[in-house]
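Should a chain be cited, it is by its letter among A, B, C, D and E, assigned in written order, with residues numbered from 1 in that chain.
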Amino acid sequence: MFQLGPAEWQAIEVTFKLCLYTTIILLLLATPLSWWLAQGRTQFRTVVQAIVALPLVLPPTVLGFYLLITLGPRGVVGQTLQDLGFQHLAFSFEGILIASVIYSMPFAVQPLTEAFRNLGRRPVEVASSLGAGAWDRFRTVIFPLSRGGFVVAATLTFAHTLGEFGVILMLGGSIPGETKVLSVLIYDHAEAMNYDAAHSLSLMLLIFAFATLFVVYSINRRFEVAKL
Amino acid sequence: MFQLGPAEWQAIEVTFKLCLYTTIILLLLATPLSWWLAQGRTQFRTVVQAIVALPLVLPPTVLGFYLLITLGPRGVVGQTLQDLGFQHLAFSFEGILIASVIYSMPFAVQPLTEAFRNLGRRPVEVASSLGAGAWDRFRTVIFPLSRGGFVVAATLTFAHTLGEFGVILMLGGSIPGETKVLSVLIYDHAEAMNYDAAHSLSLMLLIFAFATLFVVYSINRRFEVAKL
Amino acid sequence: MTLYLQGHLRHGKDFELKVNHELPLEGVTALFGRSGCGKTTLLRIIAGLERPRGAVVRFGGQHWQRGRQFLPLHKRRIGLVFQEHSLLPHLSARENLLYGYQRTPTEQRRLHPDEVTAMLGIEHLLDRRIDQLSGGQRQRFSLGRALLISPQLLLLDEPMAALDTQTKREIMPFLSRMAAESGVPIIMVSHSPDEVTRLADRVVFMQNGQIQNVETLREALARPDSPLFDDAGAASVLEGTLGEAGEDNARPFGPPEARLWLTSSAPAAGMDRTRISILARDVSLSLVDPQHISIQNHLPVTIERIDPPRDNRCVVACRTADGQLLLAEITARAVQQLGLATGKQVYALIKSVALLA
Amino acid sequence: MTLYLQGHLRHGKDFELKVNHELPLEGVTALFGRSGCGKTTLLRIIAGLERPRGAVVRFGGQHWQRGRQFLPLHKRRIGLVFQEHSLLPHLSARENLLYGYQRTPTEQRRLHPDEVTAMLGIEHLLDRRIDQLSGGQRQRFSLGRALLISPQLLLLDEPMAALDTQTKREIMPFLSRMAAESGVPIIMVSHSPDEVTRLADRVVFMQNGQIQNVETLREALARPDSPLFDDAGAASVLEGTLGEAGEDNARPFGPPEARLWLTSSAPAAGMDRTRISILARDVSLSLVDPQHISIQNHLPVTIERIDPPRDNRCVVACRTADGQLLLAEITARAVQQLGLATGKQVYALIKSVALLA
Amino acid sequence: GELVRIAAASDLRYALDDIIELYREANPAANVQVVYGSSGKMTTQIINGAPYDIFFSADIAFPKRLEQEGLTATPPAVYAIGRIVLWSNTLDAGSLTLNDLTSDSITRIAIAQPAHAPYGLRAREAMQAAGVWEVVQPKLVFGENIAHAAQMAASGAAQVGVIALSLAKFPELATHNHYLIDDNLHNPLTQGYVVTRRGGNKPEAMHFADFMATEQAHSIMEQYGFVMP
């Protein structure tokens, strides 16, 4: 049986950090955005909604390529950063984190928007009448009532980032300990016909993902909202 | 300005067919599956739900690699097919279609399950009491009431397939007119430093996707369901 | 036509519904009982929305549920009005109204949208989205929608709870007529004694998940302790022929020896037998036939029974000259002062204005 | 304490609500009007759930809305019961009940869960999920939840529509007391004349989005054409002192020259002034003081006004010996036969059992 | 020592691994990492700031491009000449020739994408020169880089692959025969390398580049079928 070496552990750590941070950042960003999107159906909102969905459409390698061009030392963002005395973002963990956030944006925004739209105004009105302020209402009413949407958003985002490959390959360049994530490592093993390692890592990934999803869905199930 | 040549048109056609078929097949498969998943929260359903989400987790190239092994002439599926006198599925449109369906499965199933779960039993009971049979109820009540979920499922599936790269690269072999899709073509152009072509195609893709999404969301908005 | 119901069903650990009854169905059956006693649950079993194992539901000669056999709701032709607002949110008010109508074969249609909307006063609301309707308007659409499938049985769960008295008044005769003329039985949950008295032919009293008893309206009203009543107390129902109005607009009711005079809002003449209900508390008794008094109706009656006083009031059952039972509710003090006793001949004074058509 | 409301709001093209009223708030104010007249909308404006531009809402001395100034609902301390079921579906029955209570500062809490659940009869239901409650049970939780924030104003939109008479009877005195003792004004939408008569101190009549008029309960009851009534018709409210029960359990009410005898369910003695309401149709008139009749209460009165007949019935306004107004509803035929006219001295016969406490 | 990052074309996958192992033995303090990919992608990445110190390309055109961009510390230098072979998992490639590729029994042939992988480009040239291109073209499947093409053939999904000799010599693939394509049929696979501007500041990077020119390294390269300049 294949043994996890330091390269694998490094990749696991990078991957886990990347998925976790991406999910957290995306939920924080997507929640207000989705809320706003769900509040109405003006032309402008529809435009924003369509734009938010665009990262889905570009092939990940192409998205990675454009991000590379933008975040690298010759791109608008990268150059500006360098002029300010910072590092450009290509081939860095920060870079692939930004890429992951953009790349998985639709997976967080769309389910949340849909969940918020399904809420209706009544629960919020009820909570207001019972003395709950805005944040309290969000925490105790909006969030639990759209928890299904949050679970979908979080699992799709996490899993999508876990399986992210093209973007990271282009923008990250598989630098061990920094941008070399599990997906790249597995691919590398497979291409090197190092099948033992590829199979083992894939299996591990599947088992881990299955266990996580199973736990998440089981917990979600215990908080089922009553439907009349 | 870059002119679309026959290679581009071929890729556009293959891509469009692939996205369309994948979306249709997935909606047909995911609807009953999601309905079943939404009906309860038994342990078994939770397991199935977690399994359905797994294709998300594997890096697409890895997924493509395993599919290649499975669908190819030496794999279980490919060999069986050959024994039955058919072609194996590696490097064929049918192969990447199957791959796309598997790959995008979670994007169809999760939003639909969530939408169905949100329905509650009342609308179905009402429709029954008004003389609507099962199929009639689905068509006139369940479907329109979960239309938001269907829109999310369809757009995520379509777009995700549009942007699919790794799986197709591995399993498809970029055969022009058969398995060479836009994402692979754009990647090839970019790698060949044929930037003009890459930029133009990406831009086209973005504009097309934006227009489609805008239209879909606008239509969806016109069918907004009343919330009390 | 009867409805045979047998089965039992548990909700959680506190509630158990247990029935084994054959209910006569003609006309309007009121389901009456305290909050949480199982009325909605009973209707759901009849509709097939709850399917307790081993239950039997037979409507007329047709088994809707027995053993493995189960006719799904959409084939039962039941007009169902749910207790809570249940318009389909993706449809307009009109589409909701017509949803069932469109699914009713033309030859089965007895009611049509025009008459129903007119009766319910919702013609001007048809193009609204359902979130643009008030609570009572929504309730009327739910009722109209159920009526328009021209059902063979109507199950109404507090269908008029959100309606004002006037609107109810417009709807109730329609339901009455529907039950009487088209022969569509109605089972209706109602907490309003007024509604029950006006509409019901029969009352099913429920308590703790069981059917306590099934009584005709007349029996139910005659019981002084009937749960139907709040303060109105017992009432009697008299049957008789209603004559034409004279010059002072009073219309004779009943045979000459037990003649009453009705004035207002009396139903159209020409009906053979008319039913009137008289609250016991609207009936006074007098030893002599009093003169110079505004009470117009004085009937000679014989006291048949004097119930023991409850709360210092006695219900006195009297037999009229045409043999019907008339209840009077008077104070125990009056019983004593007037020396009333079984068999005594007295005059029952009924304020003509107290007669309900 | 008053509530000043000014503003207007359009719903679609058919409905416009327009108000400019200063409502007295002490006690219970009933909002009465036909379905769709704007009652719910009015409550929503008061609560701040609708925010029409330019509207002014002033509660006592505090401006809740004026120009840019707008106090959001959660700071208004309003106990709100929505017309339709509105329990939060992700919370248990108990959590729903306590949601607002937990957000009420301890020093502002006047009511506590134990008393409220006992009063509403929902103690045994606390651990349920809300889809395990019956319609009436849900309504009681909604009411309890609103009460438990110890509000400074209660807005109740048909809070008892799904409740049986008995349950209502248990709740109404509680609300009455709350309004009277804790000084929490209540504005309540109700379609039930019984509820209004029992609870309200004041009735706001609405029609087509406008406040038609605001009357005290007594004024509202005295109008023969009051929309409050279905068949009960007009009523009068008399005030007087209620004495101790004698040996036959009858209790004297009012001064000797206008003495009535009450029996059942009379309020506890010792109250200085008691209010009773007498339906006009429960009052008969007689030229002489009749003997040998079960009607116990005969008051000498003077006819002050005879309204023109409506539907062949006349309301006759009489002045009692202690100067209060008593309405009698009798047939036009009786008016004619007895030769009744203004100024005439007659006897009003009131069935003692007809007195409402 | 300081970390040296190497970007290398996919045909070097096994040869360079062996060389690095050797280098590490000789320099235990050395800290060398290598990333493989198609030469085109590596070039794009270096242009956009990739932190690679040395770039071993499959074709010298790419390092020259970097030199034009001013991103190099040393002039592009040839380090080996590559060869292409026919390789198959299912057939005896040793007895195949380019002309056999037209046979109906061969339905799928894997090559690297000629658009950006030099090995793919040379494969196409060879088939064109052999006059089989027109017939063979519809049977082609394209790998993203030459290692990917080799993998397609190794999976059996493509019966034949036109791959780098260096890959065919990898023990796992070497269990099958291969047919060496005549190098007159295509332009030479002149493989060039550069030390990038970034690597120019690192003595360790220069040290490794020097190591590539040693006998030891050459012998490994030759083992893998590379022709030394």
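The rule is short, and it goes like this: a contact is a pair of C-beta atoms (placed from the backbone, for glycine too) under 8 Å apart; a residue touches a chain by one contact, two chains touch by 3 or more.
Keep in mind the model is a prediction, meaning the values are calculated, not measured.
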Touch-network distance, subunit A to subunit E, counted in steps: 1
Taking each chain's centre as the mean of its Cα atoms, which chain lies farthest from subunit C? E
Counting only Cα atoms for the centres, state how far subunit A is from subunit B in Å. 19
I'd like the Å distance between the centres of subunit C and subunit E, where a centre is the mean of that chain's Cα atoms. 92
Centroid spacing, where centroids are CA-atom means, of subunit A and subunit C in whole angstrom: 61
Numbers and ranges of subunit E residues touching at least 2 other chains: 41, 44, 148, 151
Two or more other chains are touched by the subunit C residues 84-85
Residue ranges of subunit B touching at least 2 other chains are 65, 122, 187, 190, 227-228
What chain pairs are in touch here? A-B, A-D, A-E, B-C, B-E, C-D
Note: in the complex, subunit B contacts subunit E through residues 65, 68-69, 72-74, 78, 88, 90-91, 169-170, 172-175, 179, 187-194
In the complex, the residues of subunit D that touch subunit A are 47, 49, 72-74, 77-80, 82, 85-86, 88-90, 99-100, 103-104, 129-131, 145-146, 149
As the complex stands, subunit A meets subunit B at residues 41, 46-47, 49-51, 53-54, 56-63, 65-66, 106-107, 110-111, 114-115, 117-122, 148-149, 152, 155-156, 159-160, 162-166, 182-184, 186-187, 190, 198, 202, 205-206, 209-210, 213-214, 217-218, 221, 224, 227-228
Within their complex, subunit E touches subunit A through residues 5, 7, 10, 13-14, 33, 35-37, 41, 44-45, 47-52, 147-148, 150-151, 154, 170, 172-173
Mind listing the subunit B positions that touch subunit C in their complex? 122-123, 125-133, 136-137, 140-141, 144-145, 147, 223, 225-228
